[in-house]
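The chains carry the letters A, B, C and D, assigned in the order they are written, with residues numbered from 1 in each.
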């Protein structure tokens, strides 16, 4: 394949990586803090997308200012994702804290099943989206190919901002530092009197908002239909497992790797496009059993 | 303790079994009701098509029963969700098909499921109407006694699509296809391809893309198409997939730079609004179109469209038309058989025999079933245009393609037949303009 | 190479383990002879457990080697080393928490036999005589059918060693066999353990903080300071060593 | 822990199932499905006793199913049993291959690696249209059983009898395995792998054996399901399906082989009930049940150990997750 196609593939890969990263971010965060893989995160993604679409639909008659509409995406995500996340933690997962992580994973799986139906009851089964918003941001010509600015610049931009923001938060805010402390040494942290319960709710709210944001930002590009959550969550599993559970920077790298692999496949081996994320994940796990970015200590005896 | 648990589990099983058995009685001369085992996508991307069809069916059956049903005998539908995956679907299907009492199956949307359930229906000796799925293979690869399709098949749809394309844009050089990756996407492409190459051998196929069924994002496919710049882009995708693909394509101007051919676009136009520009070739998977000028002065069609619009907030899509066709064919067959039987309730075999030569009418032009169980329904094709009356594009330059020029004779396989088509077909006199 | 005909059982040569700057083991040359009962003393973090972990194959050293009966076991894992005849007990007893005391010993017993049936039940496959003897030997007969999870700490220590003994080892290394045991039970536990070891003619080496216990049960004492053997010899002699008195026993 | 399952109860259950299947033809499919899900869940139970949960095991059902389908299509007239055997062999082989490296992993990573592999398989099965029939799956003619070509009615009844006898026989054998030395070592892997190594036992090889067994069980389930439906689809290997198998195994509990089947029975009843009465909420029903079970009876229907205080030492699984 010639250089142009390579470049085009890169652009596609990066924009796909952007949204993929946003979804994986919340997932890996929860994973780091609780050692739980939150399957329900897929529903948060879906709820974020659907509610953002609803909000936009409600706003459109009243305003036509693009900034307001874009902002509404974030608002919807923050509110719906934050609340759902916190609710999930307080009402349910908290009561399963000391259980085997695998059991906790199954609880989130159950929640996922429930939310799938709830979502269908609320938003029905008709595809939902907010396409015109993406159009408002205009297009860019590149090698004779038109790209949506929304996809080309906005999504990756937001992804990077989210990454930087989270790093900042984790490094320089009290809550953030406490989260990090819990990630690294849960026992020690709690021993030091960090209110693990509060951190728990906080993390889930944050992660939920991020997951919902992933959805909200996707809804202008992709049609939301029942079952989408199931696919996104398993793809982001691949991302965080490749990265190493709980690894934020790792998730960024893994998302880019997977995004690139996928879009390159479209041009070279289209048949393998859908397989790419998982091939990547398996390959990495075989070489580095705990993912690209993590080291595990031997068990103390 | 354990044995107790075992007993309890089995106890519940037994009770459940008995409960269902209680409803089973010997079949009466004239049953109080006809059980309709109906399947549609209630979940998953495909439910865009399925949900409205279900609404339509419920609406129609409600009225039919209110009007006295089949002189007293009511229809009672039970729904199966095709969205729950093939094997869950199939076991549900079996359960319904094996329930005692007078019953008739209307299933399914997915061509994949149709392929799978046809032999089952035949085995169980229950009449099944393939009310939506279009793959021509199911009725061509094997001759069934109890399986019918009351709507068009892929051959009719694709041949008409090629004809319409060649009528409008006779001299294009390159074509790319973006179809869903399952039976329909693959089979329809095979027919389209062979037909096109038979009628216009010099066309170059520059890309064959098969994104998976229900893919949420087509931007990589769009990029690739833009890099290739084909004259024509074909997609037989439908439902949520088509919405997404078209939106992303139009956002990036692909719909303007290439001529799009969308045989199943009918159900997406209304949702997409002005995302679809003028000049796109669209089909109606048959000839049911709410804005069809010829049905404008047909009271039944008009009344239905109005009622459906206020009930669901949307205009009927092709699945709705197919559902009504299926129901009218089924009930029509019963009426016919009863008449032939001098009021005696027909056996399943008699009913099947009646269906095999049934003439009926949905909400569009008359349809005839032939002895291989395939209905002959003409195809309506048009080109999108802006219209003040609607917030979304409507179809203009409508042409009607009668079924008999679009299908091989009974017993011949479409895949071979289309290769024998001659360019003269494009100018066939039986193709007629609809409306102005 | 074949084992040299000496009483030597275990020897380490220049055993070194560094993480980053600090050396957990710093060129340790050390020999253990058959029949000895060595007590290893030293402050926490002196590298006692690390040394055990290296000798039992749980950790690989940065350099140096470990020979057991003249066989180089430096690169072997716990499994092979156990099979060669080195048993081990742990500071936190490592037990099978979903099994009963008896089953733990049965598991060790079938391991001793060397093949795991996928058909015969554990209780039938295990050498019940050996199990019964071991239950007596470590005084757990009364608890035979308790889940290990509910045993008091003292019993857990005994079982931990009992499991090791089921494999009929030549050497048993015990990491703080009396830590976590109430002071009144300590001697009882140690008494039982040493009787068992002597009866089975097993050489032993145990890490211990309680000077009393060391004086009473050790034939030889080695004092660890910063990953090095600071003093090694008869108890009296080692305890007389001023360095040991200051660094290990913390006397002024 | 070893409360024997009363043979009377089992015999009674078997008769009940046979009677139901004989009396109401429609009940045959659900019953066969339930038995197959039971077999598959039993496979998961084998691993669960070692504290390992696979979120991709449905892949072996797919392997078994596709192998069966290929066998029937490649050798027309091949006996159904032979085809199913081919399916089981294929899944055993695949299991052995995967076990070789998966047995190194524990906890979440074990689950994730299996998930990844299953998704690779699932995606390929859906993508390679020419070989696998794509997302619609692979259809094949109904093969004869024991040389007898049957009507669907008889065929389903015969399959029911086959599945039932296999279920009973295999459940018994697997229970023998649970009580055997290897089976008990599996339990020990769950609680203390370090000690296993220190008594000279290789957790890895024992776990690998268990893994192959579990792959075989799931594969058998897949082969039977494919056979009775004359169809195998990629969904049979989707991660949601794997999740359902885990669900059933948890529901049933890993204390005894019968647990998987009790779990499957409950699961199938919930599904039937949901399908009959609230079509739109069947997942809510399943999800709620799962949560309730994990909360109130984490040991499942057959609790797998006597009540014991929380382990004093962190279990390897817990360690992994940190």
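Keep this in mind: contacts are C-beta pairs under 8 Å (C-beta built on N, C-alpha and C of every residue); 3 or more make two chains touch, one makes a residue touch a chain.
The structure presented is a predicted model; accordingly, all values stated were derived computationally and were not measured.
Engineer: Going by the average position of its CA atoms, which chain sits the greatest distance from chain A?
Structural biologist: The most distant chain relative to chain A turns out to be C.
Engineer: In terms of Cα-based centroids, which chain occupies the most central position?
Structural biologist: D
Engineer: Using mean CA coordinates as chain centres, what's the chain B-chain D distance in Å?
Structural biologist: 37
Engineer: Between chain B and chain C, what distance separates the C-alpha centroids? Give it in angstrom.
Structural biologist: From the centre of chain B to the centre of chain C is 76 Å.
Engineer: Using CA atom averages as chain centres, what separation in Å is found between chain A and chain C?
Structural biologist: Result: the chain centres lie 49 Å from each other.
Engineer: Which residues of chain B are in contact with two or more other chains?
Structural biologist: 42, 210, 212
Engineer: Could you pull out the residues of chain C that touch at least 2 other chains?
Structural biologist: Correct list: 92, 94.
Engineer: Where does chain A touch two or more other chains at once, residue-wise?
Structural biologist: Correct list: 120, 274, 301.
Engineer: Inside the complex, what are the residues of chain B that reach chain D?
Structural biologist: Residues of chain B touching chain D: 1-3, 5-7, 9-10, 12-14, 16-17, 20-21, 24, 42, 79, 81, 84-88, 90-92, 94-99, 110-113, 115-116, 119-120, 123-124, 181-183, 186, 210, 212-213.
Engineer: Give the list of chain D residues in touch with chain C in this complex.
Structural biologist: Touch residues, chain D against chain C: 176-177, 179-185, 187-188, 190-192, 194-195, 197-202, 206, 209, 305-306, 308-309, 311-313.
Engineer: Flag every residue of chain A that touches chain D in the complex, lowest number first.
Structural biologist: Per the stated touch rule, the residues are 35-37, 92, 95-96, 98-103, 105-107, 109-114, 116-118, 120-121, 186, 230, 234, 237-238, 241, 245, 271-272, 274-275, 277-279, 281-282, 285-286, 289-290, 296, 299, 301.
Engineer: If you look only at chain A, which of its residues touch chain B in the complex?
Structural biologist: Those in contact with chain B are residues 4-5, 8-9, 11-12, 15-16, 120, 124-127, 129, 131-132, 134-135, 139, 143-148, 151, 218, 221-228, 231-232, 262-263, 266-267, 270, 273-274.
Engineer: Given the complex with chain B, which residues does chain D contribute to the contact?
Structural biologist: Residues 3-6, 8-10, 12-13, 16-17, 20, 23-27, 29-30, 33, 126-127, 129, 133-137, 139, 151-153, 225, 229-231, 233, 235-236, 238, 256, 258, 262, 265-266, 269, 271-273, 275, 279-280, 282, 301-302 of chain D touch chain B in their complex.
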